[in-house]
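Both of the next two complexes hold subunit A, though its partner changes from subunit B to subunit C.
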Partner chain A sequence: MRNLKLDIDNYRNLLKQYIKFLDENALYQAEQFSKLSIQHNISPEEIINVHIQALKELYPDLPKEVDYSLNFLLETMISYGLAYQEMQSLREQQLELKSEISVAANMQQTLLSTEKPNIKGVDIGAISVPANQMNGDYYHFVSDNQQSIGVAIADVIGKGIPAALAMSMIKYSMDSFSESQRNPCSILENLNRVVERNVDQGMFITMFYGLYNLNSETFSYASAGHEPGLFYHASTNEFREIKTKGLVLGVSKDTTYQQYEIEISHGDMIILLTDGVTECRVGNRFIEREEVLEVIKKYIHLPAQEAVEQVYKHFERLQGFQLRDDFTLIIIRKNV
Partner chain B sequence: MNFQTCVNIQKEWDIVGARQLGRDRAKEIGFGTVDQARIATAISELARNIYLYAGTGKICFEMMNDINQKGLLVIATDNGPGIKDISQVMEDGYTTSGGLGAGLPGVKRLMDEFDIISDPGKGTEIRAIKWVR
Partner chain C sequence: MNMNLEVEVAEKNKTTVLVLLTGEVDAYTAPKLKENLLPLTKKEGTLIEVNLENVSYMDSTGLGVFISALKSTKANNSQLKLMNLEDRILRLFEITGLDSIITIDSTVRGGN
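Let's look at the complex of A and B:
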């Protein structure tokens, strides 16, 4: 089998064997011949040509009508051969594109990477998984000292490569803001101007920015149309939606954002997410926000990182292991 | 010897004439059945392009006689609208997705050498050579 050659002798012998004995083995060999031809990019018209040659050698007195008809068949195969070659080349291009995108995705991960702050008394868990290769969600921690933690979570409306490109812009703009601009509302106002100037109309970014001050035990925040997160109040054992007002980034250059503040006590939690979590779809049905809360409650006793991973695993499975949208979830818990 | 024969393309029927003349030339030069069929298909494609996009033009044939090989040169010329973005029409899947046939990438595949010069507003000249193997 290994020595199967694409040459006409081989084909002629197979054909001869088949015509004489009508045996299955010859057909099996023909199948192998065909597969090998595909491997070597042999067009269908060439196979027909080999067939014609072999037939003529086996039956030199073939009626000329048969000969003509086979040439006719060969002609009709030319376009199939072309389509086949084109498909091969498109397939190669597709592989190239795929590998290019995966390089880009890796690069994006490096560009947008953020380190979870390691601060005594605060337990943080964060997960962000793209639906496709490139992520249109983004989260970022800022913690220059042991006194405060800045947390950003953002979602570009849309997903894939354009969304990912827009995210890189957000990240680098934020890096360029000075210390004095670290208020949640001024960060959003500055980013809004950047987005409004640089991003296509029709591409919008929602974002939540929060600043957790460990000294004053407060969490101040502002939101640009971002999916509402949740507070967990340990004293009352209650979950409450983080209610905010604020236009999505990029709509109008003069948008202002309101800043809110709450106290954070021992055992309290801040839960931030993107709509990839809340708009997770099961079949044709969007799940309810209450269902999301139920799932979060189920795992909330775990350390924060384990909890976000378990919640992700739950929804991943619920959606048949095919995310419809990028998924990002952050849990910040005050431990002392 | 650079003896050229041409077929004017004005009606769809002329495509058949161009194929026939091209096939006859190819046979004379000594091409095998498969290559004859390929050349005819390439001519079809070029002639159809003229008929569909330029309206009129011509397909000419020249016998190539190099020191060690013989071949057929096919020249398609028209004074049509020309092609603005040649790279785009040479992309796989660009014309075929519209169901127009093999397109120019197909012609390039069917032949051994392929060159195209086009001035938007003035016209297009495509030269393609197939060598006898």
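Let's look at the complex of A and C:
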């Protein structure tokens, strides 16, 4: 309270100076006083109180109406001060939550991080951008040897923290599968059972799993209701949609998945994405799938990593662009 | 831009309830749809016909509501049917394979 006492003296002097000379400098000092009060958590009614005391010391014979009115103001400011304090504490809580979420987001990145396999003759690019702090999209590469690359791309319904938590579950169940369970349809069937048992009624996950076998030059794959990707056939210079049929994960526990296989030749590409890519909006308009394909074509001559980044940047640059959903794009190209 | 969702529920006859949706079904409006749709599925023997004629946008959160509703119809011995889906929305049900487990009637839209 000693500080406040000092402040009252100070405030009285400032007030006196201002009333007598309408001194600009006193106004400036008053502003500093106000800032200092905020820093020291001094409530608005305390400032009013200081003002009343200073005024009475300077003018002991104030008309009683003015005296009453000042008390009235003091009472009014008490409720204001309480509301202000409440807001202040909410703001602090919000900051705390924000930093907790950012810790969680970092942790998610560490938990779910995956390394692009570095295999001679294969060029891989991958980008994943969350719409909010936490990412509900997920991609993962598995490459235990130089003979095969497993690639998973998944999208959890909804966004934010619940989605991110479900993703961690997917990742850890995938890690627990033995070598013999690593063909695409078994992976999806096993994951489906895990997800069905462990998620909320209305929650589901879409996922595409592919296994690129470098020896046999084939790509086998299966899809659980995931946004269709694209194949690029270098020999005919054609893009073709990866046609698959399969129910999303987590809806029906006995779902089986069909496995498909294609040959991969020199220059061919596998392009995988999530619906964040096809569900972007620019202003009021949706970006059509054909348009996404046009943009991919435009950058496809670049090295794979550069290409995926340029495609994202292209959409990001559009005016009124808003990312409504997490955005993930992967390109795998056979170079030899 | 956040569009709203209107949910109108009307009894067609003793066993059939019509639900007319107007607007967008996304993360913001899905809770409202769930609130209105789920209680209807709890009554044994009811057929719930959801008319999506006036729905211009749906995201995966919307699909989640229909999955919940479907699971609830199975538990309560009622039925769910979706009608008049716009192409873009029908595609969502097809990609996710949900058209294989949810009854969808798009004939009214004809060659759309």
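Note that in this section the second predicted complex is superposed on the first by the 323 of 336 C-alpha atoms of A that agree within 3 Å, B and C clash if a C-alpha of one lies under 4 Å from a C-alpha of the other, contacts with A are read in each partner's own complex, and residues count from 1 in each chain.
What we mean here is this: contacts are C-beta pairs under 8 Å (C-beta built on N, C-alpha and C of every residue); 3 or more make two chains touch, one makes a residue touch a chain.
Keep in mind that what you see is a predicted model, and the values were worked out from it rather than measured.
When both complexes are superposed on subunit A, subunit B and subunit C end up sitting side by side without clashing.
In the superposed model, A:Leu74 lies in contact with subunit B only, and not with subunit C. By the touch criterion stated above, A:Gln85 is placed in contact with subunit B alone, subunit C being left untouched.
Judged by the touch definition given at the top, the superposed model places A:Asp325 against subunit C, while subunit B stays out of reach.
Once the two complexes are laid over each other on the shared chain, residue contacts for A:Val66 go to neither subunit B nor subunit C.
In the superposed model, A:Asn49 lies in contact with subunit B only, and not with subunit C.
In the superposition on chain A, contact of A:Leu97 is made with neither subunit B nor subunit C. A count of residues in subunit A touched by subunit B and by subunit C gives the higher number to C.
The superposed model places subunit B and subunit C at 90 degrees from each other around the C-alpha centre of subunit A, with the value given to the nearest 10.
Residue contacts after overlaying the shared chain place A:Leu247 against subunit C, while subunit B stays out of touching range. Between subunit B and subunit C the least C-alpha distance in the superposed model amounts to 20 Å. The touching residues of subunit B, counted against subunit A in their complex, run 32-34, 37-38, 40-41, 92-93, 96, 101-102, 105-106, 109-110. Those residues of subunit A that touch subunit C in the complex are listed here as 155, 157-159, 201-204, 206, 224-228, 245-248, 251-252, 275, 279, 284, 286, 324-325. Residue ranges on subunit A touching subunit B, taken from their complex, read 45-46, 49, 52, 71, 74-75, 78-79, 82-83, 85-86, 89-90, 93. Residues of subunit C touching subunit A in their complex: 1, 26-27, 34, 59-61, 63-65, 67-68, 71-72, 88, 95-98, 100-101.
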